[in-house]
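I have a structure here, written as structure tokens, and I will follow up with some questions on it.
For reference, chains read A, B, C and D in written order, and residue numbers begin at 1 within each chain.
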Amino acid sequence: MTIRQRKTHPSLWLAASLFGLGMATPALAQEDDPIKVGILHSLSGTMAISETVLKDTVEMLIEQQNEAGGLLGRELEAVVVDPASDWPLFAEKARELLAQEEVDVIFGNWTSVSRKSVLPVVEELNGLLFYPVQYEGEESSENVFYTGAAPNQQAIPAVDYLMNQVGVERWVLAGTDYVYPRTTNKILEAYLKSYGVADEDILVNYTPFGHSDWQNIVSEIKAFGSQGKKTAVVSTINGDANVPFYRELGNQGIDAADIPVVAFSVGEQELTGIDTGPLVGHMAAWNYFMSVDTDANYDFIDAWIEYTGDEMAVTNDPMEAHFIGFNMWVEAVRKAGTTEVDAIKDAIIGVSVPNLSGGYATMMPNHHITKPVLIGEIQDNGQFSIVWETPSTVAGDAWSDYLDGSRDLISDWRKPMECGNYNVVTGGCGGQAEQVAAE
Amino acid sequence: MRMLQRLLPGLLCLCLLCSLPLAAQAQDESGQALLASLDADSYAEKGEAIEEIIESGDPRSRRWLEALLGGKLQRHKENGRFVVVVENRGRHWPVVDALSFEAAGEMSRRELDRVGINNALRGQLQGALAVLDLHAEAVEERRDAARALLGDIDASLVEPLQAVIDSEADGEVRHLLEQALAIHRLAQGDVAAVDALAGSLNSQVRAALTAASRSDDPTLAQAASAALADIEQKMRLNRGLETLYFGLSLGSVLVLAAIGLAITFGVMGVINMAHGELIMLGAYTTWAMQQLLPGQPGLALILAIPAGFLVSALAGVAIERGVIQFLKGRPLETLLATFGVSLILQQLVRTVISPQNRTVVTPDWLSGSLMLNEGLSLTLNRLYVLGFALVVFAGLMLVMRRTRLGLEVRAVTQNRGMARAMGIRATRVDILTFALGSGVAGLAGVALSQLTNVGPNLGQNYIIDSFMVVVFGGVGNLWGTLVAGLSLGVINQVLEPWAGAVLAKILVLVLIILFIQKRPRGLFPQKGRAAEG
Amino acid sequence: MNFLASLADRERVFDFLVPAASPVDVRHGPILYLEDVTVSFDGFRAIDGLDLTIDDGELRCIIGPNGAGKTTMMDIITGKTRPDTGSVWFGSRHDLLTMNEPEIASLGIGRKFQKPTVFEALSVFENLELAMAADKRILPTLTARMSGEIRERIEEVLATIGLTELQSRPAGILSHGQKQWLEIGMLLMQRPRLLLVDEPVAGMTEQEMERTAELLTGLAGKGKQSVVVVEHDMGFVRSIARTVTVLHQGRVLAEGSMDQVANDPKVIEVYLGAEEEVA
Amino acid sequence: MWLTRPFRERSTRLFLGILLAALGLVTLLNLALPEGHPLHVSTYTVTLLGKYLSYALLAVAVDLVWGYLGILSLGHGAFFALGGYAMGMYLMRQIGDRGVYGDPVLPDFMVFLDWQSLPWYWHGFDMAAIAFLMVLLAPGLLALVFGFLAFRSRVTGVYLSIITQAMTFALMLAFFRNEMGFGGNNGLTDFRELLGFDLRSDATRLGLFLATGIALALGYVLCRAIVASKLGRVSVACRDAEARTRFLGYRVERVQLFVFVVSAMLAGVAGALYVPQVGIINPSEFSPIFSIEVVLWVALGGRATLYGAVIGALLVNYAKTVFTGVMPDAWLFALGGLFVLVTVFLPRGVAGLFAYRRRPAEDTQPTAKEASA
């Protein structure tokens, strides 16, 4: 891009001399400023394990975009901060990015709590946030775009697969005790019961963060599974706790053929920390796997390996989510011809860009996107082999149909509704009415 | 298993045929055809294809099936050639030709198309291979194969298995196979089968009986539930032992993590917040060793024990010289400084190695579990860790009690001035003591690498618990640390089943608090006038 | 040494020589009464069936070889250590075994430690202020103010213990002897009925010792303080002793005037004998 | 009047002077100067400073017990968080039916985890008076019970430190549990207004900042008053020679309990002021590491000086903000290094640099013998 600058500068000087500095400088300032892209991912603390790669991903995408000539003829510039896995710090840093750095868009967050803590700031300062991780749903903000999976894009199809293809009758819903597993399990319980699964055939279990001693729970699962019915474990266990969990599974000899485990938070990145030998056959449900067999994916992988300089570097679902989100934003900016937030918010709805699994992702009016759902089985090389996928893409549903509170809510940010939680029964726009009006 | 009756003859002859040479030409065509049929779209067709392959009795069948099972049987997209991937990490894979099994150079992921399988097929393959294994040389393999067949028998297998049983030398295998058949008969509603199964603790058996106890035939249901009740009796003892084992194993982890602290903190009075990171260093050393010795995880692990000790010990010396020596008699300052050190070490690992967790491979002799009886088996890795913890503790006791160093350490810690006066080089003792404590932390890391994440946060997860254990046991008392660690572990595991993991942990903490009220100086306090002050 | 003179004329009564009003009941009999007290640490019997009686206003010296249980005895009286068996009465009304240190202290039992312990971070003046007999509950202490008359009392004691010019310096910088005096001064501020003084003259010069002797003898007396002194220094004991108790292995070995015990064969054997050997 | 005593001290007058001046200046620069003016203090900065000040108050509370009572509490975060939760619960109830589900009573997280009714301990928090009372009571009571048990049985030194740590750790795990009804890991967030003021308006932010500043001033004066009183000297006595103090007839455990509870309440207030400014309260405030960090601020600023605690808190947190911005990948090196260097080279903390008279801080440290005992 140094070349680019050499190209632009003389011409600008020309412009300046022609129209006179007074007129030109404001325009010049406009033209010359790089477009600032905020990256809000933890680089230290407990979440660094998962989030650092996402920071690198966005930086890579920005680099590529600049090599491709930037955006609207302007450079893209990454503004990286470290919220250090500290939730209040997330809010503070978001404020810093929007108020101080005046970034045009933010890519960031992993945990629900960090998103929740950033949400009010982004809404108050009217920023743009692209959130790349699968989450519990039950949220739709005017300023947030959810490029990760909502429950209906991950959990429910996975359970369908287990029920119909594998013939599972008994269910263990094991999760870390926080809102994503809680909500997902609530939804799944309701869903399973709607298919006539009896209470005694569902075992729900919650463990603290970073739980490292799984002996009891695994043996409990073993006992639960030895009741003569096909049993499966639906795991919403969070990052760190998975390694000891899978190790214990392996050692207590729970084989995928007997009791398969399908996980929603275990991807290639997590598997790099596990000796996958004993885990072959256990499953995960995502919208993307590194093993997806498309040229788009291979190109992405090559670029990533080149960028990180690590031949063994792996890609995962949230990275694809950022890939999609970034491209959608770029599209929207092109479409709107500006990086001005409200323009983007209108422009981006309906934008569709290719995803890495050979299809297209479209931004829906509820700020969620369409994704295919893939089920993969763990291989001994830490990759997933895709054993099933939805025939077509699924649109993300912000408000689950299986929870009392949210059944009646829909979200549509297009005019005239412009509401994240429209209640089809009362016909009112939930609590945010006043607030939307206020803004 | 429904297909086994058709392929069993094939299987059996396969074992005989294995060595017979065939005309290479004919082989290739037939082989290519078989493999092509494997590369079908639906899993059902693939199932059929697998049967065909086995029936064919082709000598390469076994290697094909294993390659298929490992997801290593792949097809070249352009020329449709089948290859078996040797090593499938990274982007470019060394492969061998699937027909001739001759090396075929490297191929990129892009060019290859995997012949995928799912759990159902995996089960089918494992079943098939299991039946093959019934004819294996090693009795252990035969036993595992027989065990694998439990609950997977259907009519087709009854005849041949009967034959196998008669020819089988090993009693255990015979017993298992008979049970396998009994389960099958039970499923057919044969009440007599219940007696054959009575008393077995095997989970498959229990599953079968539970199913039977739900059957509509009252006599069968009644008999089955009776047998179940009897089995439950035996299981109860098992569960008790199991919980105890869980507790001890958790305890041993706590002890390992804390014992080093018991030295640096308990004996030297240094509140070492970087202790956790010293553990982490030990774990990373294990990882590094495995990187240095690819393919020999076991050896690497063994070597990691001294290496881990050394690395952490050196780090300890660095910390002692660099920071702690300036903070003599100001333990609180050591807390602050070492906290800083721990931050630095964490970030160091993140930047130098990686913020992601590292894979530490578990060697075969550490994975799996030791089967005491059909119902109770102890996970090996934890068993080893438990033993390791005890060994480390014993070693430490020896050092502190029997060696010159131990004597000097105790002297210096009791009365520095006096010890000095008696010609003990206190500084040297400090360094050695701290190195010892840190080194032990390193050992803990090596052990933990077999149980949990090896990542930058490893230390953070253990530092708090470590302090709890040391204090609970009574500062400055190694025995206290041992007893405290083990008892806390057991209590936790006893509480967990009915309180749940989270509540159990909370209860343990509350218990510690209340206990300290009763014994303000831990389990093993120093008594007498000295302690009164 | 005008202070000695003033001590000499018995007409003048220093207010700090007059004990604060104490509920202790000494109408009939002794002020301190230990019976069959036994305590042991890890099996070792520090005190073994000890009987001891201190009369009101008495000055009692307690001697004995190391490990005889002298300090432990004081710990028991002041409630720091709980005996395994036996009874300890303060006057005829208060069972000390049912009370904790502050309660015992506020009953009017003051103690000076073997190793002088003063509040090194606080100034000499503040040390005395804290020691002063006053309402020691939380809120009164929080709102307490320095009245002129309190200041006077402290000044007096400062003069007595000869630390006037050091009063605003932190106690941490005092010499060993000065700390001893400061601690005695704190005792005086407490105005106790019974003083337990553990090795008061360790690390003092001859002259300081004399002053201490004078002071202690001056303190004791009917209706005034009773004093129990534990001391190794035979010379000092001889100079103040009226009655001497010899402890040995947690028991009373002998009791009586200095000369009596000095000539007691048992004592000579276990104690003085030992002394001579050492000497 | 004992409360007015501190004003006789030069250090206090100096401290209050600087603090109030700073408050005034910031307000002025924020209101008077236009956006973009080089000297303009943005609302972002104001909120940031507000956060620092609440941390400073917490640090003062810790210094009161650690510096003057010799109790190294590794669990003060618990009191801070409790105060925060009390405030958070009030703010949650203020949302009323404007939650996403429009439920008039239940907070959102309760709705979608289908709680049928409000748990009993949430009642009353819709009334400011009760909520603010709880800000003091909740930490106060916890401190009272915990302190009563601990001090009565004379738990001292590291043992005390570690059980305070155990306390906050247990509370953290408890609050992580969603059954507790405090929002689990997500905690309480998406607050709207406080006493009718819109939390998103700049005016409210400035107000909160000033309120925090004043709270800090009052808290500081209160602590000073205690320290300067005879009770303060008694607590120093407890710190340095507990047994001796007993023999002088003081109820050491009561002194400790009193100061401990006061300190806990201060911490609670700090938490309550912290929450509306950062907009979230979640169990991570209970994490032992946070409590240790607070101790670090105090040590770094200078133990047993009170103003040192303030300096430390401001310094460390400012450093954190800057480093996480300018050197996101390496800021932990900087922070860690800072801790090491200060402890090694400034044993009496930053305050030690300009301490004009000998500080008790570096004298006998009770835990010294404890730890090696």
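To be clear about the criterion, a residue touches a chain if its C-beta (ideal position, glycine included) is under 8 Å from a C-beta of that chain, and two chains touch if they have at least 3 such contacts.
As the structure is a computational prediction, the values presented were derived from the model and not from experiment.
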Between chain A and chain C, how many steps is the shortest route if every step has to go to a touching chain? 2
Taking each chain's centre as the mean of its C-alpha atoms, which one lies nearest the mean of all protein C-alpha atoms here? D
Can you work out the whole-Å distance between the CA centroids of chain A and chain D? 35
What whole-Å value do you get for the distance between chain B and chain C if each is reduced to the mean of its CA atoms? 66
Chain A-chain B separation of Cα centroids, rounded to whole Å: 32
Please compute the C-alpha centroid of chain B, do the same for chain D, then give the distance between them in whole Å. 43
In chain B, the residues touching two or more other chains are 346-347, 460, 502, 505
Which chain C residues touch at least two other chains? 80
What are the residue numbers in chain D that touch two or more other chains? 173, 176-177, 243, 329, 332
Chain B residues touching chain D - in the complex, by the definition given at the top: 265, 268-269, 271, 273, 323, 326-327, 329-333, 335-337, 339-344, 346-348, 351, 413, 460, 464, 467-468, 471, 475-476, 502-503, 505-506, 509-510, 512-514, 516-518, 520-522, 526, 531, 533
Can you list the residues on chain D that touch chain A in the complex? 42-44, 47-48, 51, 95, 97-103, 108-109, 111-114, 173, 176-178, 183-187, 189-192, 200, 278-280, 282, 284, 321, 324-325, 328-329, 331-332
Counting only contacts in the complex, chain D reaches chain B at residues 72, 146, 149-150, 152-156, 158-159, 162-163, 165-167, 169-170, 173-174, 176-177, 243, 288-289, 292, 295-296, 299-300, 329-330, 332-333, 335-340, 342-344, 347, 365, 367-373
Which residues of chain B touch chain A in the complex? 70-71, 88-91, 109-110, 113-114, 116-120, 122-123, 126, 203-204, 206-208, 210-211, 214, 242-243, 246, 249-250, 253, 346-347, 350, 355-362, 367-369, 377, 379-382, 450-457, 460-461, 492-493, 496-497, 500-502, 505
List of chain C residues in touch with chain D within their complex: 78, 80, 100-102, 105-106, 110-111, 113, 117-122, 126, 129-131, 133, 136-138, 141-145, 170, 172, 186, 190
